[in-house]
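What follows is a structure written as structure tokens; I'll ask about it next.
Note that the chains are named A, B, C, D and E in the order they appear, and that numbering of residues resets to 1 at the start of each chain.
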Amino acid sequence: MISFKNVNKWYGDLHVLNDIDLEIAPGEVVVVCGPSGSGKSTLIRCINRLEPIQKGELVVDNMAVHDKKINMTKIRADIGFVFQSFNLYPHMTALQNTTIAPLKVRKMKNEEAEKLGREVLTRVGLEDRIDHYPAQLSGGQQQRVAIARGLCMRPKIMLFDEPTSALDPEMIGEVLDVMKTLAREGMTMMVVTHEMGFAREVANRVVFMDEGKIVEVAPPNDFFTNPQTERGKYFLSSILSH
Amino acid sequence: MISFKNVNKWYGDLHVLNDIDLEIAPGEVVVVCGPSGSGKSTLIRCINRLEPIQKGELVVDNMAVHDKKINMTKIRADIGFVFQSFNLYPHMTALQNTTIAPLKVRKMKNEEAEKLGREVLTRVGLEDRIDHYPAQLSGGQQQRVAIARGLCMRPKIMLFDEPTSALDPEMIGEVLDVMKTLAREGMTMMVVTHEMGFAREVANRVVFMDEGKIVEVAPPNDFFTNPQTERGKYFLSSILSH
Amino acid sequence: MWGFYFDELMHSLPFFLKGVWMTVAVSGLSLIAGTIVGFICGILRAGRNKILRAVIGAWVDVIRGTPFLVQVFIIFFILPSAGIELEAFPAAVIALSNLTASFICEIVAGGILAVPKGQREAATASGLSQYQQLRFIVLPQAMRTIMPPLVGQYVLLIKDSSVVSAIGVVDITRVGWLTVQRIPEGLMVFGLVGILYFAICYPLINLSAYMERRMTVVSTRL
Amino acid sequence: AGTLDEILKRGELRIACQTQGAPFSFVDRNGNRTGSSVELCELIAKEMGVKVKFLNYDWDGLIPALLSKKADMLAADMTPTLKRAMKIAFTDPYMYTGSVVFVKQNSPIKTLEDITAGTKMAVLLGSTGESDAKKVFPNAQYKTYKGGGPLLINAVLAGHVQAGVNDGSAVRGQVASFPPNSVRILEGQLSRSPLAFAVRYDSPDLQSWLNLFFLHTTLDGRLGKNLDYWVNSLDWKEDH
Amino acid sequence: MLEAFNFRVILEYMPLYGKCFLATLWLSALSLFGAILVGIIACAMRLSQSRFLSRAAGVYIESIRSTPLLAQLYFFYFGLPTLGIMLPEWVTGVLALTLNSGAYYAEIIRSGIQAIHFGQIEAGIASGLSYFQRMRHIILPQALGMTIRPMLGQAIVLVKDSSLLSLISIMELTRAGQLLTSERFMPTEGFLTTAAFYLIIYYMLKAFSNWSEKRLIFQEAY
């Protein structure tokens, strides 16, 4: 579904992605972790070319994303992206947030899009918040709207960049629950997160990055109990210590 | 050191603090926890009258904070306050951030304040970041500068409002370490946090709030292993589940 | 036909330069006075005193809501009946300063209110007095938001200064009107007027763009 | 004390003049104010034995200046209409003029009779030219401009209107600074109207002094000389 | 000058004032609408990836901002006919006002866009919206919402600037006062009445902007 081959990216002198090789199969759930600045966000942002890559091949759903001539609009419509800071449109209700892309990109009819929006919002447990504006929702609710917004395009892949790290502890649970359901339903997912419980429960593999390189790839249980690299050990000890 | 007697506060119709009674002895470390919106921040913000209270008595270091006629400047100088979002002054270096209050409030001499600032920044492990601006520091470093800023006034009390919840997991550790050291040195501290490890390690008591009331006060081990109230049990389960 | 007038116009250049000097003098003085008054009022408007806030608000409304010409006339022609007799030049400077101050007041108040609340709270918590908070914490940060529109306002001020010619101050625009009677090629005469204003304003606009660049970290490209 | 006393005490006669254009009051190429009214005023001051100070306002500022006592008198090419005289006092007229119609040199309009219902005419806001024209050609289309006689001529030349109406002496003076043969003044006047200076109603002393001044200068020919030089010929063109 | 304030004469001129008030209203409304449109386009060009478009918009914005409206008006009224373009006065007037204020609006909208969190734009890109769709549905509504205040300020300037149109024979509010002044020689009555009418427009605009600010900026979304 997603295939990185020898992918490299620089910001000026900074080598943010260094020879990335990674294959993700349809239906797989991959958790990406690593210290701050290691390139996790950059990695998943490349997949729908929010950031262009400079070297290597990146193929998503049989489309060559690394090819500058490819028109991304279609691919992007098939990839849901959920940001750490939600990035909901503050001037639109929850429903409008979810229906704007189906209406404008998929050219759906008004009623059809609205039906879809209600359905998806119900699915993430927000049937009673449909006409609220983002500012009227708690953080956890906002993030669920953001997920619904991604789902409304019926994407083949969902990407999450630290979806729970801006949330209060109480609200993290409700967002993770939605994500777990998605994972069990067979969605292909790539999730940047430090929520170890989530990784253990639903991830097929954990990718550990440091300084722009993939340092370890392993099933979650192996990685958490017995990381193979020094860097991995150190990282785990630092986030589990408190 | 801090004594709440029957303290009440309203925002319009909302009763945010409801009959709060609490005594904190010198050198004590108290952790405040509870669901979002329960009034934790309001509680500690009242102590240096960032928010005025409407009823009851609040005495801090023998000064009656509830008395509108009392001049707060002196009391505030004796209370260090650390915010969730750091609130460092972006136009000043780390050193200037720490020295501005000693210079202007304590009327210290320039060299004296600078010596003090360097000393305190060294204490929180930032001796090599003295001339950096906040934007050039990581979140953990920024929060340590904020703590240093509070310490520079040689306060009798330190208040913390969710000091680690805006930080990346890796950086939480470094801030908690500084706070633990402070606690062990005998500083009187009130800390709003959900870091259970920290509470267990250094807190004398845990205060659990809900809907503006203090629901439970107990030593940390008792509270975490065996909360006495239903609300407390439910809260613990929701933040420990993931 | 343009050649016919061009020499005439070149002859008038010294006259135009006098006008430039007058425009620079009137707007320069008003700029300084208006900035000082505007800052003070802006700080008060962003402050806690409700009455002061309302009074300043009403003043800003009236000044912004009525034609500048009328304000000039009131100061020059109606104040004398209250015993305040002013020459044209000081009257012009006072009127223009007043106008500038009312606009700058809004800009400054906006800038101050845009500083995150947490900054003030942090300063309060460390025991800084109201004045110290303003002086060391709030204003230095507010300046980032204030600077670009402030310079923009100066440009507007320079152009508004042309109105004071109604009370006999011979500025660039007035020179233009006087010249056009003799050299009736309005396009050319006011073209020159435009160029002269441009020469005064363009450096200011560049200055504002420069400050904006210095103060923003990332520039948005859509 | 009367206004004359004040002037004498001050040693200065303050005159609001509108620098509206040749030949009455304008700024010559050296930047000096000059013209028929200006020289008359200088003569007035000389006869009074005081200095003269010109307050240079545009039309909007003229009347307020007089009413607020910033100026002792108004010297502009102003027609003393009955309505205006309700508010300020006029001297006796010192000359007569009338509104004329002017067109582009090559315009199909040859005489006043050629002006029809559809003709677009330019007039100055609130001027006597405006009211004269509306009386004589009630059906023409009017565009009222503000900003002085030369603007009317420009509007005619640019083709925004077909004809312009303004005070004859002003038009003749102003046309002189346009390229030769660009504008043609039609035969005949629309009206005959006086021009006069103005003072406040609380200055009857100054008013009667001015009337006497006009009488004297008419008798000794100085007024006639002034008008012949400035208004009735283009002699001034060479000197200014 | 105030002592003899004459309401009866003002009443006599009321029909004229009414007519002129309406003229100012619709001329300004039309120009305002056009100016915001021009502002949006110029701003989009300014922020576009194409250096050429960006430069072109920059030249337009800066040259308009640093020359007076009077010169621009002259250019359109007397300059265009020499190029063989004859437009009715009101079209010329609206055109000049539109292009003039458009440059200011471009800058205001740009500041609004640059204040939008970049994540908003990224979220739009990520869900596959095209450039125009992002502009139309995500960026502009927020940018306009955030800049209501400066937009109001510019609208006021535009309304007052429309008084210059009397130079090119357009009937508007200022002229009503001037007519009263020159026919009756009652400047106080004339100008104060004019000022009162402008103040009415000002408060109308202010009420509208407060209303739309409430509608566009949802419960402290920013």
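Keep in mind that, in the parts below, contacts are C-beta pairs under 8 Å (C-beta built on N, C-alpha and C of every residue); 3 or more make two chains touch, one makes a residue touch a chain.
Since this is a predicted model, take the numbers as computed values, not measurements.
Participant: Quick check on the contact network: minimum steps from subunit C to subunit D?
Facilitator: 1
Participant: Can you list every chain in contact with both subunit B and subunit C?
Facilitator: Of all the chains present, none is in contact with both subunit B and subunit C.
Participant: Find the two chains joined by the most C-beta pairs in contact, please.
Facilitator: C-E
Participant: Please work out the Cα centroid separation of subunit A and subunit D, and write it as a whole number of Å.
Facilitator: 81
Participant: What whole-number Å value describes the gap between the mean CA coordinates of subunit C and subunit E?
Facilitator: Averaging C-alpha atoms per chain gives centres 18 Å apart.
Participant: Starting from the mean Cα coordinates of subunit D and subunit E, work out the distance between those two points in Å.
Facilitator: Computed value for the inter-centroid distance: 36 Å.
Participant: In subunit D, which residues are in touch with two or more of the other chains?
Facilitator: In subunit D, 60, 64, 67-68, 147, 151, 154 touch at least two other chains.
Participant: Would you mind listing the residues of subunit E that make contact with two or more other chains?
Facilitator: Residues 1, 78, 82, 187-188.
Participant: Show the residues in subunit A shared as contacts by 2 or more other chains, in ascending order.
Facilitator: Not one residue of subunit A touches more than one other chain, so the list is empty.
Participant: Please give all chain pairs that are in touch with each other.
Facilitator: Applying the touch criterion to every chain pair yields A-B, A-E, B-C, C-D, C-E, D-E.
Participant: Within their complex, state which residues of subunit D touch subunit E.
Facilitator: 59-60, 63-64, 67-68, 81, 83-84, 86-88, 122, 125-127, 143-147, 151, 154-155, 158-160
Participant: So in the complex, which bits of subunit D are touching subunit C?
Facilitator: Going by the criterion above, the answer is residues 19-22, 26-29, 31, 55-58, 60-61, 64-65, 67-70, 147-151, 153-154, 174, 177-179.
Participant: In the complex formed with subunit C, which residues of subunit B make contact?
Facilitator: Those residues of subunit B that touch subunit C are 48, 50, 72-74, 76-77, 79-81, 83, 85, 87-91, 100-101, 104-105, 135, 146, 149-150, 153.
Participant: For the complex, which residues does subunit E have touching subunit A?
Facilitator: Subunit E residues touching subunit A: 117, 119-120, 122-123, 125-130, 133, 137-138, 141-142, 145, 216, 218-222.
Participant: Which residues of subunit C touch subunit D in the complex?
Facilitator: Result: residues 1, 4, 8, 11-12, 14-15, 18, 69, 73, 76-78, 80-81, 88, 165-168, 170, 174, 177-184, 186 of subunit C touch subunit D.
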